[in-house]
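What follows is a pair of complexes built around chain A, which joins chain B in one and chain C in the other.
== the complex of A and B ==
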């Protein structure tokens, strides 16, 4: 069905993963685009109120999470490269990407607990509604992605090579990059833009 | 079974959608939904003004939940065909579809209750109307499970020529993820996640529209090439 499964992939004109996957990727980007515009409108019309809540965010934790996801994305990209070369490091890179993703979830939980402990919850202000809901929808993506990564890790050959469908590995990596990309957008919009 | 009957079954889907839309828009005038911030007097006045529309719309919603089954059955037939061995996820999808339609039935019933006694107090009318609004939007919760299970089945298909196209599997996952925000409407009365908000109402509504349209196209084309009789290894 697709040429990516051959041993010597011809990368010119190659659609990463499989064409159908991009329905999900572009569909998700489109809807997140709508969500980001919604936030931008709130930011433009209620800037002062947004600022009062926004300064409570810890940019350091946001930056830590950005670093975790970017590194995780780097690991999964290297898993794909290792699989392409038939190397046994595929599983190690997948588990490293998974561990970094779990780290992201841990930081997110700590961050949320901190805000909730300070009395800033979903309904405290329109900014915190956006903050919790957008990071929550993103977290749902992270959890689905971690499920996919775990499944990939378990499907590696005993020696750590990837023997399954190349398109499956590459498509999963594309989804994980999407999760990363969305986070970078959220970090820039919600944490940094003031 | 002849293909004609299968094709006819597919049209139970758009019929369901049409009844749903007629009930909400020209009859009850709740498309787009009224704001959850409206006072009891405002909501009660709206229900009393369109009392007949609410009662007839309630019947249409309950009817919709009863006539959609050929459409659901045909989706399930294809999923059963795809899933090898024990049809675990097909069964999950079937059960979740079933309770999703119970919420549609109860939604019609709640709006009927809201309009049945226009001399009832404003608060009572609003309470039933609120229940109707929740039953309209909150089924996104079971919907998410249903779409993700459907997507997982389609992507499991390892036949050289898949029974249902793989992009449709990904489309189901997309629909599932983006329906999820409908779950939180109980938390908000204003903003993008209230029941008239962009994230909890408009995005799931548009995504659902895309899903039901794509489903018809995919099913009709699968029927056309006799995918149910497909005997690929």
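== the complex of A and C ==
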């Protein structure tokens, strides 16, 4: 248990979390897949109008949020690793992941306030309908994830170790990574695709 | 006792580096720019799935389902954008 990657070799064939969770994960991936293709149709057929609204987005904020969620994912993955090794850093990693997720929400609120302040709301253009719907559905995932992370943090043993169910911790981490994965695609399609 | 995974840290670095380096790729103005943005997005999503969600070590059915999602979504997005765009 001292190699940096001793957490990986014995995982072959292991389903992280409860198998039932993966039905939810793939259901979500399927729904978002349809949403992504729907946006692509709008982008391809109504490109000029999309462009006029899209240039109002602050791509830098999108990039910042990408970095926040990727780093948050790294943290929760390390909470799982620490739990498998019986280390006391589990709680610290969970709170770090939570804090970065809260940072994501803060950036998103600032972004939304800016657009709404400029008169770009849910029904001001087709692009902003897509923007608010997709980032809104995603934000709901973030908030659910943050609720789960907070609950995990509170359930750690007083010394910071994880003494609860591994499937619960792993499954929650998988959901949090899904939130990250979906954001990566939203960032590419809504912010970057021109 | 090492508390961090070199592998995950390396992939995290790769993901952040790709995000920063590909930030301007959509502004190149070439007709391939849209395709590049989509492929880079899907590559990042695959890394998150395979490495962070541990799909790469999961049973074959899970690996195949995730691969299918990536490929079908990629094909659909590229098909729509290059097929429907005037």
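Note that the second predicted complex is superposed on the first by the 184 of 194 C-alpha atoms of A that agree within 3 Å, B and C clash if a C-alpha of one lies under 4 Å from a C-alpha of the other, contacts with A are read in each partner's own complex, and residues count from 1 in each chain.
Rule of thumb we're sticking to: a contact is a pair of C-beta atoms (placed from the backbone, for glycine too) under 8 Å apart; a residue touches a chain by one contact, two chains touch by 3 or more.
Since the structure is predicted, the reported quantities are computational estimates derived from the model, not experimental observations.
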Clash or fit, chain B versus chain C on superposed chain A: fit
Touched partner set for A:64, first chain B, second chain C, both or neither: neither
Chain B versus chain C as contact partner of A:73, first or second or both or neither: second
First (chain B), second (chain C), both or neither touched by A:35: first
First (chain B), second (chain C), both or neither touched by A:18: first
Geometry of the superposed three-chain model: angle at chain A (Cα centres of chain B and chain C, steps of 10 degrees): 110
Which superposed partner A:105 touches (first chain B, second chain C, both, neither): neither
Touched partner set for A:184, first chain B, second chain C, both or neither: second
Chain B versus chain C as contact partner of A:140, first or second or both or neither: first
Residue contacts on chain A - larger count, chain B or chain C: C
Chain C versus chain B - closest C-alpha approach in the superposed model, Å: 15
Doubly contacted chain A residues - partners chain C and chain B: 1, 22
Interface residues, chain B side, partner chain A - complex: 160-161, 165-171, 173-174, 177-178, 180-181, 184, 187-188, 191-193, 198-199, 203, 207
Footprint of chain B on chain A - complex, ascending: 1, 18-24, 27-28, 31, 34-35, 38, 122-123, 126, 129-130, 133, 137, 140-141, 144
Complex contacts: residues of chain C adjacent to chain A: 1-9, 12, 15-16, 19-20, 22-23, 25-27, 33-34, 37-38, 40-42, 44-45, 48-49, 52-54, 57-59, 62, 65, 69, 72-73, 76-77, 80-81, 83-86
Contact footprint of chain C on chain A as seen in their complex: 1-8, 11-16, 22, 26, 29-30, 33, 36-37, 40-41, 43-45, 47, 59, 63, 66-67, 70-71, 73-74, 77-78, 81-82, 85, 87, 89, 170, 174, 177-178, 180-181, 184-185, 187-189, 192-194
